[in-house]
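Reviewing the structure listed below.
Chains here go by letter, A, B, C and D, matching the order in which they are written, and residues are numbered from 1 within each.
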C-alpha cells in the first residue's frame, strides 16, 4: 500500500476521532473509552510492526507496556521525576529491556520466540509482586495507586479533565503511529519485506537480519513503553492485574481485526475491537466467548482484517506460492 | 570414632530428598503426558496449537458429564472407551474445518497460532457458560495409599505415573510399528516425500491433530482426578506444556519426555530449596539458557 | 475512500447512541460490577447470587419507593486498572445508577475509581490497601463502603481463635503458607507477627503463586518440622484441596487452619467428610448450619433452596448491603439524594438479620455482632460455626473437635 | 497408456508449461530432455498430482486424472521418483522402502516387490538398517528409485536420476532403469542429457521455455543436429 494511502487512512481516522469530543466531550465514559482506544491503537500497531512486518512472533507487547507503565510510575513517584521526563525515561528503559529480550530471540524459530517473549510476560507478575518488585517500588500485589498526572506548565492532564487529556493522547498516538508509518515506508520497511520474502535473499542484498530485528525490538518496545507510561499517568494507578490474560487477548483481537501486517489496520482494529467489546458487554460471560469465536472466524474469512476492504486485489495476501 | 555414624538429622534429610525426588517424578509424569501431544502436533504439522490446554479440559468435562450426569457404569475403563472417540472426532473435524484452510497462506503458522488462541478463548468461556466458574473434580481411579517405611504414595499418583508413561510408550510403539504411525513419521520428516509415495498428507495432519487431542484429553481425565477441572486453567496448562516442549525441542517426543522429568525435578527442588514462588522464574532461566546454547531445544533438530 | 470513513462515522455514532441514554424513569438502576469472565468468574457468580436475591425480594415486595430496581451488570474482567475505572464511568457516569454493589472490586483501585462519584459503592475487598486509599481523603471517598474487615484484622481474629482453641499445642512451631496477592501477604504477615509476639517460632513462611497444586516439596519440610499449627491462606479452592489431599497422605500432628480458604464451596463439595477437623473463617458471615435466630435460619433455607448449595463467602453480606442501601433510600425518600443516603448509611447503618450493623470511621464494616467474623470447623463434611468474633466466643452448642489425624 | 493434452501449469505467478502435449504407450521408455528450469520437472509433477496449478487434460487409460490428489494417482499405478532425494532422512532404508508400498495398490505386493528390489539393488539389502540421511548421493538415488518400485506402479516418472553423479554411476543408473523397463514397467524419464540415448529411450521429447520443441523416436533425436550437441552429451 502506498505511503499516501496509509497516511490518508490514518489521518482520516484520527481526524474523525479528533472531532468526537464535540459530540461526546461531556460523557466521561465514552471519552475514557476513546482515550483507551488511542492507547491500544499504539500498542497494537507496535505489535503489528514487530509481528506483521518484521515477522517476529513476539508475545511480549503487554509486558513491555507494563514495564513502561511501572518504570515511569516508579521514576515519578519515588524519584520525583516530572511525568513527561519520566515517560521518556520509561520508554528508553523499556527499549533497553526490549533489546535484552530481543538478543536471545533472534536466533530462534517462531514458537520459541513467542515463548521467550511470553516468558517475560509470565515472569513479570511474580517479579513485580515479590520482594524484588517491592524493593524497586512496585507496590507488590497492591500496585501503585498514586501516580501523579502529566503536568506541562502547571496544566495537568489526568482523568479529571478528560477532553484535554484526550487531545494529549491523540497527539501522542499520532506521533507514535507516524513513527511506525515512516519506519515501514523507509529503508527499514523495505529491508523487512526482503527479510520476510527470504532471509537468504535479504542477506545477499547486504541486509543484516540481526541488526534490523534488534532495531525493531528496540523501537517497538520504546513506543510501547512510552504509551504504557502515559497509561499509568492517565489512569493514576497501576497493578499487576494488567498482566492477566484479558488484556493480552483483547490486544490480539485488535491485531487480527486490523489485519496482521496491514498497518494502519491495527488503528482501526483497536477502535473496532474496543467498541465491539463494549457493545457486547451486556452479554456478560458470553462476550468473551463471542470474541473468541470472532477471532477464529476473522482469521479464516478475513485474512487481511478490515484492511481487506481497502486493499486492491493485487495487494491482498494471496494464498502462498 | 564416629566413622560410620550417620546422625538422625542426616537420615531425615535423606528421607526429605527422597520425598522431593518422588514429588519431582510425579510432576514429571504429569508434564510428560501434557507435553507429548503438543510436541507431536508441532513435529508433524508445524502448526502450533494454542487451544491445547482447552482440549485438556475438554477431556475432563467429558468424563465429568459421563460420571456426574449420565452415570456411566464400568468405571474409568468405559469412560476412556467413550471419551476417546469423541475427542478424536472433535480433533479431526477441528483440523479439517479450522486449521487446514489456513495452510494456503504464506504465513499460515502465525495464522494458526492466532486462530487457536481465539479458539482457546472461545472454548474456555464456553466452559464457564455451560459448567459454571467453579472447579469440578473427578473421583480417583484408585483410592488409598501405599506405605513403604517412611514413604507414602497414593495409588492415584502411582496410576497416573504408570498410565502416563505407559501411554507414551504405547504411543511411541504405535508410531514405529504401525502403518499409520509410520505415515505420521514420514509426514513429519518430509511432507513432500510423503505425498510422493501416496500418503494422504492432509488426512495425516487431521489424524495427528486428532491423536494429540486424544492424548491431551486423556491427560485431562487422568489429572483432573488429582487436580481439578477448572474452566480457565487451560492457559496455564498450555504454557506449561509449551515450556516443556520448547525445552525438550519442539517436535521431539523423546526430548519432551526428558524435558518433562527434568523440569518436574527442577521445580520440586527449587520449591524445596528456595520456595515455590521461584518455580516460574527458575523455569524461564533454565529455558533461556538452554535456548541460548541450543536454539532448537534439548533434542530438537535445527 | 469517503465511503469507508462513513463506516467509521457510523461506528462512532453507534457508540454515542449506545452510551446515550440513562435508564427509563420508572426503574431505579443499580450497578453490579463483578468478574463475569476470566480468572475470578467463580467468586463473581457467588457474590451475584446474594445481590440478586436481595433485589428480587425488594422488587417482589413492590420495589423501592414504588419503583422496580433494575440490575445493570458490568464485567470487571480481571480488574485491570482501566477496566475498574471504566466500570465506574459506565455505571455511575453513564447509567447513573443509584448504588453500586460489588464483591472483590479492585483492592484499592476501586476506591479511586468510584470515589469520583457519589453513589454508594459497596465492595468486599477486605484489603488494607483499599482502606489506605480511603484514608487519604475520607471526605472524597465518603461513598465507599467495605463489607468486610481488612485482612490484618481478620488475621488477628484467626490468631486469637487458634490461641483460644481448647487444645494443648505440643510445641510452639507454626508453618504459614499464603498466596502472593495482597490478601495472602497481608494475612501471612500479620499472622507471622502475631505468632512471633506470642513467642512462637515461625518455622517456615512460604508465599506461593496461584495454581500451585503440587505440594510435595513443602509437605516434606513440614513433616520434618512437625509444627503444631499449619496455616494455609489461599482464597482459591483448587490449591487448598490439593494441599489437604497431599497432606493427609502422611499427616503431621498439626492443627490445620485454612483461614478464608475454607469458604469457596467446592472445598467441602470435594473433600466432604475427609476435611473434618480443618478450621477456617468467613468474615461478615452468618453462622451456620443453625442460624442464631429464626429470621436468619429462614434466610439460609431460602438461599439453599434457591441455589441448591450452602452459602459461600460474600453472598450474605452483599445481600445485606443491598438491603441496607434500600433501607437508607426508603428513609431518605430519594435514591438520588446521594449526600443524604450516604449520611443515613453512615449514621444509622442497618438492622440486619443478625442485628445492627455499622460502618466505622474508615467506612469499613469491622467485625461486630451484626456481622461477625465466623470461625468454622469442618465436622461431618459441613461448615460448623464454632466461634464468632467479636468477642471471640464459642457459638451455640457446637464444639471444637481435635482432628482425627492428631489423635 | 497416458496422454497429456494441452496442459498449462503455473508456479506462483509463473506460467511454466504452455499447451504441452505428450503421449506414453505401455512398455515404452520415454525421455524428456531440456535445459534446467524450462518445465521438465513440472511436467512430471503435473502428471503425478504434485504440481500446484494445472489446467488441461491428463488421461490415464482414458480417464482424466488432472486434479486428483496425489495419493489417488499413486493408487492408479503412477509414481513420481524424485531428483532431489525426497526420502525420509531419519528412517532406515527398509522403513523407506516399506513406506514406498504405502498405497492401497502396493500393499498386497509388498513382499514380492521388496524381494525384487533387493535383487535389483543388492547394496540396499546390505544396508537396509542404515539411516537414509547417512547414505551417499548414489545410494540415495538408488533408494529413491527402489522406493518408487515398491509402489507397484506401472508407470514410473523418474526425475533426473543421474543429476550430479559421476559418469560410471550414471551409466549404472541408466542400466538399472533399462532393466526395470525390461521387467515390464513403463518409464517416463526426465534428464538434461543422456549419453547413448538409443540404448535406453524409445521416444524423446524436448521441452524449451515451457513448450515442446521436438518430438520423435530416439533415432530421429540422434540425427537432429541441434539436439545432438546440446542434449545428448556426445
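To be clear about the criterion, contacts are C-beta pairs under 8 Å (C-beta built on N, C-alpha and C of every residue); 3 or more make two chains touch, one makes a residue touch a chain.
Since the structure is predicted, the reported quantities are computational estimates derived from the model, not experimental observations.
*Asks:* Note down the smallest number of touching-chain steps it takes to go from chain C to chain D.
*Replies:* Counted as steps through touching chains, the separation is 2.
*Asks:* Kindly work out which chain lies most centrally, taking the average of its C-alpha atoms as its position.
*Replies:* Minimum centroid-to-centroid distance belongs to B.
*Asks:* Select, from B-D and B-C, the pair of chains that is joined by more C-beta pairs in contact.
*Replies:* B-C
*Asks:* Indicate the whole-number Å distance between the mean C-alpha point of chain B and the mean C-alpha point of chain D.
*Replies:* Whole-Å distance between the two chain centres: 43.
*Asks:* Please tell me the distance, in whole Å, between the geometric centres of chain B and chain C computed from their C-alpha atoms.
*Replies:* So the centre of chain B lies 35 Å away from the centre of chain C.
*Asks:* What whole-number Å value describes the gap between the mean CA coordinates of chain A and chain D?
*Replies:* Roughly 53 Å separates the two chain centres.
*Asks:* So, what's the distance in Å between the C-alpha centres of chain B and chain A?
*Replies:* Once rounded, the distance between the two centres reads 32 Å.
*Asks:* Can you list the chain B residues in contact with two or more other chains?
*Replies:* Correct list: 125, 128, 277, 280.
*Asks:* Out of chain A, which residues touch more than one other chain, so two or more?
*Replies:* 126, 130, 245, 285, 288, 321, in rising order.
*Asks:* Touching at least two other chains at once: which residues of chain D meet that condition?
*Replies:* Counting only residues that touch two or more other chains, chain D contributes none.
*Asks:* What residues of chain A sit close enough to touch chain B in their complex?
*Replies:* Checking each residue of chain A against chain B gives 51, 55, 57, 104, 107-112, 114-116, 118-119, 122-123, 126-127, 130, 245, 249, 252-253, 255-256, 260-261, 285-286, 288-289, 291-296, 298-300, 303, 317, 319-321.
*Asks:* For the complex, which residues does chain B have touching chain C?
*Replies:* Contacts found on chain B: 12, 15-16, 19-20, 22-24, 26-27, 125, 128, 132-137, 145, 147, 152-154, 226-228, 230-233, 236, 267-269, 271-272, 275-277, 279-280.
*Asks:* Touching chain A in the complex: which residues of chain C?
*Replies:* Touching chain A from chain C are residues 1, 4-5, 8-9, 11-12, 14-16, 18-19, 36-39, 41, 73-75, 77-83, 85-86, 89-90, 93-94, 106-109, 112, 116, 127, 129, 133, 136, 180-182, 185, 207, 209.
*Asks:* Looking at the complex, which residues from chain B come into contact with chain A?
*Replies:* 42, 48, 98, 101-102, 104-111, 113-115, 117-126, 128-129, 235, 239, 242-243, 246, 250, 277, 280-281, 284, 287-288, 291-292, 295-297
*Asks:* Write out the stretch or stretches of chain D touching chain B in their complex.
*Replies:* The contact residues of chain D facing chain B are 48, 50, 69-71, 73-75, 79-82, 86-91, 95, 98-100, 102-103, 106, 147, 151.
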